[in-house]
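One structure coming up, written as structure tokens, with questions to follow.
Read from first to last, the chains carry the letters A, B, C and D; within each, the first residue is number 1.
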Amino acid sequence: MSDDYVFEMSWKVRDYECDLQGIVNNAVYMHYLEFTRNEFLNKTGTNLADLHAMGIDIVLARITMALKTPLRPGDEVLSKMKIHKEKIKYVFDQDLFRKSDNKIACKATVELVSVINGKLGNSEVVDNLLLKSNL
Amino acid sequence: MSDDYVFEMSWKVRDYECDLQGIVNNAVYMHYLEFTRNEFLNKTGTNLADLHAMGIDIVLARITMALKTPLRPGDEVLSKMKIHKEKIKYVFDQDLFRKSDNKIACKATVELVSVINGKLGNSEVVDNLLLKSNL
Amino acid sequence: MSDDYVFEMSWKVRDYECDLQGIVNNAVYMHYLEFTRNEFLNKTGTNLADLHAMGIDIVLARITMALKTPLRPGDEVLSKMKIHKEKIKYVFDQDLFRKSDNKIACKATVELVSVINGKLGNSEVVDNLLLKSNL
Amino acid sequence: MSDDYVFEMSWKVRDYECDLQGIVNNAVYMHYLEFTRNEFLNKTGTNLADLHAMGIDIVLARITMALKTPLRPGDEVLSKMKIHKEKIKYVFDQDLFRKSDNKIACKATVELVSVINGKLGNSEVVDNLLLKSNL
């Protein structure tokens, strides 16, 4: 993988993800981005349910998302991500491409934070899982 | 309505909108924001299906969303929005509050553009509908 | 309320609930039915999260659903339900109407069961909540 | 493929498909079933958008669905289907299995009908696509 991406995966647009306008509904992009992050987390051995049981939730604090080329039924989506830490935030740079022509469909920056027993915090456990992994 | 908000509405969180973490799923906030904009559009007499039939789609180009206080099952959501135009973009400033204590749950800036017969464009029809309305 | 319905509520179709065909997506009807049951449960004082914490989950075992008139953006939905018990099953008869002309949109029979500490069971707590209520 | 199944596919449960109870939300099963049918349709060369443009919609008339074993985050789903025609209805027998132990998760019978220019009808085009295919 080039361009510093640390993880990528792909899947096919499902018809029910498209709305009246015949294109993937805006909210579905957030599902796509979340789905990618979670697959990445799985690869690093991070289990959100286990963390939740430990009192740690990794929650979305802020997202910026630009939609470029609309995705349609049948399109293959290629999803790539980078990750780095800024203070207590885990910043995911995530790009979704339409696989057929490699056009960028969605460009997002997603900031996640650890909430430990209900309070914003810094978790070494999460650091080790997310940042020191060599997939 | 104070603070320059031009439209507001409220509804109750539905259980199925909550995920494993017991809180409203991130993607649902985009549904909430879209739902609010569409109700506003309805109030202004804008019909997305009619516009689509005329070859005009109002599509989301960019969104920035900060999630502050998580919403939970049973919470009442109060949604407020402002709108202004920047060049060809319609910029919606949208805030979602937890009604019980007026805490901000989600703060978003959403940029929409008109796509006319498949091309980015400037539509007077849409301008008249969105900007000159006095609700 | 006539016809033995014990609970009814109404809401408006949200655009994002509609799919490519311009009508409310099939899966959304299950959300509508679930949403109605949960509002009924709330009215009876049943809290699913509390029950879950007590080791009791009320889960869907079986559903039969006939879709009659498609619902579209802007339609008001009127949802009505009856409930009775058959052995260990709680049977909900649920009807969704298009409010404007009272046409039936969806006719469903939904069977729910109590799962107590992971095993199918019979819960007096749930019986008392669901069946003995006079709303 | 044994047991008269004419089509099968598999995928992984996505976290956002799970709800408060930690299991795949009931409505998501309808998405899974629809997703499988649509992939089957694609394989037979059926394009729902094209048919819609020809005035033909294949719509769900009735579904019976029994939920057996709950699916959880990370589970692989194996989806299998059969199809036959009864008068004007296309009847899909659909089974969803948890791949790890081949336990049945969902057993459904789904009846679809052709709506031609807004009226219930019988379409040879659809017959040829759905029934005479040898995948």
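Remarks
In this section, a residue touches a chain if its C-beta (ideal position, glycine included) is under 8 Å from a C-beta of that chain, and two chains touch if they have at least 3 such contacts.
Just so we're clear, the structure is a prediction, and the values are computed from it rather than from any experiment.
With chains reduced to the mean position of their C-alpha atoms, the one farthest from chain A is C. For chain pairs B-D and A-B, the one joined by more C-beta pairs in contact is A-B. One inter-chain figure worth recording: chain B and chain D are separated by 33 Å, centre to centre, where each centre is the mean of the chain's CA atoms. Computed from the mean C-alpha positions, the centre of chain B lies at a distance of 28 Å from the centre of chain C. Remark: chain A and chain B have CA centroids separated by 23 Å (rounded to whole angstrom).
Multi-chain contact residues, meaning those touching two or more other chains, occur in chain D at positions 15-16, 20, 22, 27, 31, 34, 48-49, 73. Taken in their complex, chain B has these residues touching chain C: 14-16, 22, 31, 34-35, 38, 42, 48-49, 73-74.
Per the touch definition, chain B reaches chain A in the complex via residues 20-21, 23, 26-31, 34, 48-49, 52, 57, 59-67, 70. Put simply, chain D touches chain B in their complex at residues 15-16, 18-20, 22, 25, 27, 73.
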